[in-house]
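Some structures are shown below for you to check.
Two complexes come next, and they have one chain in common, subunit A, joined by subunit B in the first and subunit C in the second.
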Partner chain A sequence: MTSRGISIGVARCLSSLEWLFGLNRGVPQGKVRWVVDGLAGALALGVIAATPAAAQEKPSALGLGIFTFTSGPAAAYGVPGKNAADLMIDEINAKGGIRGVPVSATYVDEAQGAQGVIAEYRRLTGDAKNQVVIAALSSANCLALAPLAEQLEVPTVGWNCDTHQLLMDGKSKYVFRPNGNTVPEFIAYAIYLLDRKPDVKTVAIINPDYAFGHDAAKIFTAALKALKPDVEIVAELYPKLGSPNYQTEISRLATARPDVVFSNLWGADLENFVRQAAPRGIFTSSQVILALGETVLQRVPLPDGVIVGVLGDGWWMSPDAKAKPETVRFAEAYKARFGEYPVFPSIKMANTLIYVKAAYEAAIQKNGGKWPTRAELAAAMKGSQVETLTGTAQTRADNDGLVDQIVGVTTKTPAQQFPVIGDMVRYKGDSLMPQAGQDPLAWIATLKPEFAKSLPKPGSYK
Partner chain B sequence: MSNTIIPLLLDSLASAALIFFAAVGLTLVFSVLRVLNVAHGSLYSIGGYVAASICLFIASRQLNPYLSFLALVFSALFVAAIFGPLIERGLVRWTYGKSEAVQILITFGLFLILEDLQRVIFGVQSFYEDAPMRLLGTTSIGGVVYLNYQILLIAMALLVVIGLRLLINHTRLGRLITAVVTDREMAQSIGIDTNRIFILAFSLGVFLAALGGALATPTSGIAPGLGADTMVLAFAVAAIGGLGQIEGAALASLIVGLARVLAIYLAPSLDAVAPYGAMLVVLLIRPYGLFGSVTARRI
Partner chain C sequence: MPTIIAAAAVLVIALLPQVAPWLQFVLTLAIAKGFAALGVAVLLRAGLISIGHAMFFAASAYAVAFLARAGVNDLGLLLILSVLGGAFVGAVAGAFLVRYRAIFFAMLNLAVSMVFYALCAKLYGVTGGTDGLPVPVPAVFGLVLGEPAFKSVLFYLSLGLMVLVGLAVRRYLNSPLGHALSAVHTNEIRLEYLGIPVWAVLLIAYVVSAALAGLGGAIAGFAIGRVVPDFAFWTASGHLVLIAVLGGIGGVPGAFIGALFLELLHSAAVTVTDSWNLIVGMTLIIVIMFMPQGVYGLFARKEATSL
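Our next item is the complex of A and B:
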């Protein structure tokens, strides 16, 4: 035990040296950085390898490192995730925890940037109590943490992590994503749009200026061009993430006069865009698609007919979700505690915790009742199929997730004071995903109009 | 392109008006106190939060919605009355005559405190109240629907430039400020209460920052992080115009507004860098800014 403590201490010292000398600030330091990283990694591996018996002892408490945005503009998306984690952990503990082990969470604010997030990840995983990490919201942070998760051999579950680049090499052993990714998420919008508005000629795009915005534009455009080659992109705008004012962008969209405006703005950015675009007639002059529109339904008055979705199946009011008493109970408990119904980031987080709990139970069962090591836990996640609050999360051989995609349009209902999603379609998770290892954009380019015809139609999901 | 000229010009003016409100207070404070107030952006967002809160209160009590226009100005006065004297007497005055590094560190510390304070009080969700914008309606110009509130903002920015010039040149307070700016020790020796001038000038700077935030609220959301963004943009404008130059800030706002709008219309990928590109070009040609000089100090 003493040697383990010393090893952790030395590993932390090396990490501190790395920080002290600025080796982790993007300054090329060549071999020095390589050596420090290597030593830190080797020591961490040593810690794990040296204590197999301890890792299999049933712990008195299970710690989870949960990475999300709790500050900055992205907190509008990250805090609902944190709220759901708080609620779901309370529910798990109220039912006796995981095989009698209570669960607790340590939250890390992703707003500190990739270097801070990496340092926090090292710190958390250095403590054997934290056997699994739920990270992260930001695709950039997911990409930054993935190599570290493999190096330190810590099961790391992406609760959001939309980027399709995360698991593209198919070699990941410890990184999992029980969600869809940018490929099925944005192909779904192209197919739904063409079903609903087959005569579309011109499209304008306004997405946030980072990987998620650019990837989404690329995938949505590629899918549209494959399925309807005469579609023209008349404007592509990428305002800075966290921009409070979109008036100029709205003027630019208005002058382009597109048939369709597509956006994957999110959080406070999306709220601001909707509030500024609505009085200036964008929602009446064009068919608007808000890929993350469900997150603002309770907060801004979206007009009818806007195409919205949940980047997956995580809508608490979907027919499947409504049929599950535990989902209805979760939504009502969330509303009672936080004043709003859960939005899809909340559901994604709750589903991720269900996924982790299911993996523990499967690993314990496979292990003859013994508490699993990190490696055994990761093995239990591979190829798993887990019933979530809103559907099924299936994990492929490349650790990527298959979940269904729900898309619809905003509509009013007497049952709620805010708009809901109507005229829905639910695409099967595997129908919009390339095979493991296949280049997504190359696969999208092969799609033909017949492909879209074979899929369910708007209004078919009731 | 011809059908985009009018929207392009109008957008540039509307964008410049918002940028000007963010920058003018910073430049005024620097001209009088010679202090670069890094917490200026936080005061801008506090003005926005207070204005939105009052407007939401008016809406919740179903009071006359036109009161929200008064609320915008009142909230700026409120913030200035509370934070102006408090910050100047409590913190900033200890930095007079100290190096710029000390001033920046102290006001940066204040910025961090104010940012966290906003998060604790107002939460992390976006704050928004658009009653003033809705009351004024819209106008179609060149085939593009504009908010009349955007046009009001342009007029307000012009009013502030004229008002500040009148204050400095045609009032007793303005002459006292000019005297302190020109030669602080001489002003003190002839009996001008420089401490009072500093409090008033700093509070005026806070008022302008808070007014900017308040006026922006009906068309922009207020969310955590706004203060930092505002600060960076305000620095760019102050650098282009020349630190301490009010007319310089106005012209610089126009340049930055035009640069941003041109980028959005013609090269959207350059949107984020356009203001700083403009700053780079101006500083390469005039290192002290458009209206700045090495020796002369004007306001």
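Our next item is the complex of A and C:
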């Protein structure tokens, strides 16, 4: 693409020489003019010859743009995602790639902010080799890239961003998310909590101070109020993202003495909070919910009985995951290569790659063996149902994903040195999602206590 | 001779996206930041460092988003109104900020801009919090364009504006009002004795510089398609000061040279390694240590010797 551009540029410059030096006027310069014209013509011919005839021919290599955080505090999630992508791509290539075409990834650091991310997105998608982009981790970046993906008509798969605003208008043709969104993810905790602790009266919330933290608080509170109207929120704390010290917030929590402390802190913030809150007795005085707690299980000694989950079904030790030999193999290979078992961002990334691979295979099959275009790939993703490492990812008509939600509590097991998730429940993906096009918060307000009764109970998923 | 060099440079920039189409976005963004850095450079004339100009950059970008939501859908109108919005915020903030000098001026600018940042991030219902607001593709004189065509229009429009606004600012800096800025820097009291109101001189400069930052912000908002509070964060302000210093405080082209240099360096570094911050930082140290006059200083000095 670039070389083509350069040759066009050179050809144009050469032809402009004629105009610039008046080569087309005087007779003595006629020969020079011939030379220049000839050069320009030859270049133009070369350009046409070098232009790929169509995207239908099988390429020699398949590029993937993968957007994740590789620097800054959010790398605590970004790097496990990148590791999983490396491993998964190696596995795909070891089996001959996608229909014989090897896959390679170009990683883009999301820590540059929206401007840099957009610049890189344009650069990567300008190359026809990169047919699909896997972007992004941050919801703000997904929201920034979504209109661009529609305009440039590039299939773009959100691998971790979960804002419910992303696909709300239902008009997306090229943006996909084979994951749940914030709505089912945080309703699940409200339902699980009320099943496990029906007499809960007071709740405190401590979430990071950005859209994800505020969205989660809003959804969790709305669901609690709908299912048990007498619950009172006694404190809502929003410490700054990346804050190293939570002593003030912990003091507030200690004096408020709520029945329940809900938090969707994550990454290093969550580790810091747990290390500072545990000695001050927050885990014994209140039932703590750590919505993204699975990611720190292997790093900090969480006490028993903390409600944790994986924002989806991506728990590598779930009964479904253990029943799949490829998942067990993936987890062991991950441990061998990176020294830790995968956390849910890794599983989300691996599942997204499986999703993309499945889309290629479906599109090729539909095409009668020919290599698909970007539009055909997007069509193959639409409405697809893909078997992932940990369950199934169903894509709805509005391109949002339906995945099951696993919630449980921390418990000890002789098989591992770190706490694992026990007393699990697995809610069906569609049971916690509003219909496409429905306003999520209005839908939550319509929920009745009977709704929760119809769902599976804690401990039912074994 | 300098005119020819400048014209050639503009021509090269205009042709670059033909060679590498993705560069168009990077260059548009660089020009946008160049406008904001030029605003900072105007105040630097008077010896005032503003570590808060990203506020006007963001204010104008948010103005575009709000106006677009309210139904204004014309590129020209949006640009003019949002620049006026940026200038208005500048007039309000400038009215009390220009009474301070040196570190107090820098710190108060920083403080005010961080208040603005916090409002953008916290007023979740109004500004969309950290997820920000979308900026739709507007019509250009009634023409509804597709995304790629609009981005080309935006690029060439910013390039044209760069030349026009650059000439206008040069005219302003060479006017008595502009020379008064340097006079503020050297001896403020003498200026008062000459009967020139320092407060008015500085307020005009402040509003001009806020409007320049606003123009940059509006262009950046259109180019990115989304406005987020990070636009107003203090690191963004620091970035603008850096561009102004890097390019060279001497003249108008300095700000744009600095912005182009930094954006292209960033794009290049990001493609090479994850530690792109390291490359960018090292290069900045090298430029500051060995080119105290900035990148523009290289050209300006040659000019001086040839005279």
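For the reader, a short list of remarks on this structure follows.
Operating definition for what follows: the second predicted complex is superposed on the first by the 409 of 462 C-alpha atoms of A that agree within 3 Å, B and C clash if a C-alpha of one lies under 4 Å from a C-alpha of the other, contacts with A are read in each partner's own complex, and residues count from 1 in each chain.
Throughout what follows, contacts are C-beta pairs under 8 Å (C-beta built on N, C-alpha and C of every residue); 3 or more make two chains touch, one makes a residue touch a chain.
What you are looking at is a predicted structure, and each value in this text was computed from that prediction instead of being measured.
Residue contacts after overlaying the shared chain place A:165 against subunit C, while subunit B stays out of touching range. Residue contacts after overlaying the shared chain place A:210 against subunit C, while subunit B stays out of touching range.
Of the two partner chains placed around the shared chain by superposition, subunit C is the only one that A:114 touches, whereas subunit B remains out of contact.
Of the two partner chains placed around the shared chain by superposition, subunit C is the only one that A:152 touches, whereas subunit B remains out of contact. When the two complexes are overlaid on their common chain A, residue A:70 makes contact with subunit B and with subunit C alike.
In the superposed model, A:248 makes contact with subunit B only, not with subunit C.
Contacts of A:397 after superposition: neither subunit B nor subunit C is touched. Looking at subunit A, you'll find residues 70-71, 209 touch subunit B in one structure and subunit C in the other.
On the subunit B side of its complex with subunit A, the touching residues are 3-4, 7, 10-11, 14-15, 18, 119, 124-126, 128, 130, 133-134, 138, 143-147, 150, 216, 219-226, 229, 260-261, 264-265, 268-269, 271-272. Residues of subunit C that touch subunit A in their complex: 15, 18-22, 24-26, 29, 121-122, 124, 128-132, 134, 137, 146-148, 220, 224-226, 228, 230, 266-267, 270-271, 274-277.
Residues 70-73, 75-76, 79, 209, 235-240, 242-245, 247-249, 251-252, 254-255, 267-268, 271-272, 275-276, 279-281, 299 of subunit A are the ones touching subunit B in the complex. Interface residues of subunit A, counted against subunit C in their complex, comprise 1-2, 5-6, 8-9, 12, 70-71, 107-109, 112-116, 118-120, 122-123, 126, 139-140, 143-144, 147-148, 151-152, 163, 165, 209-211, 214.
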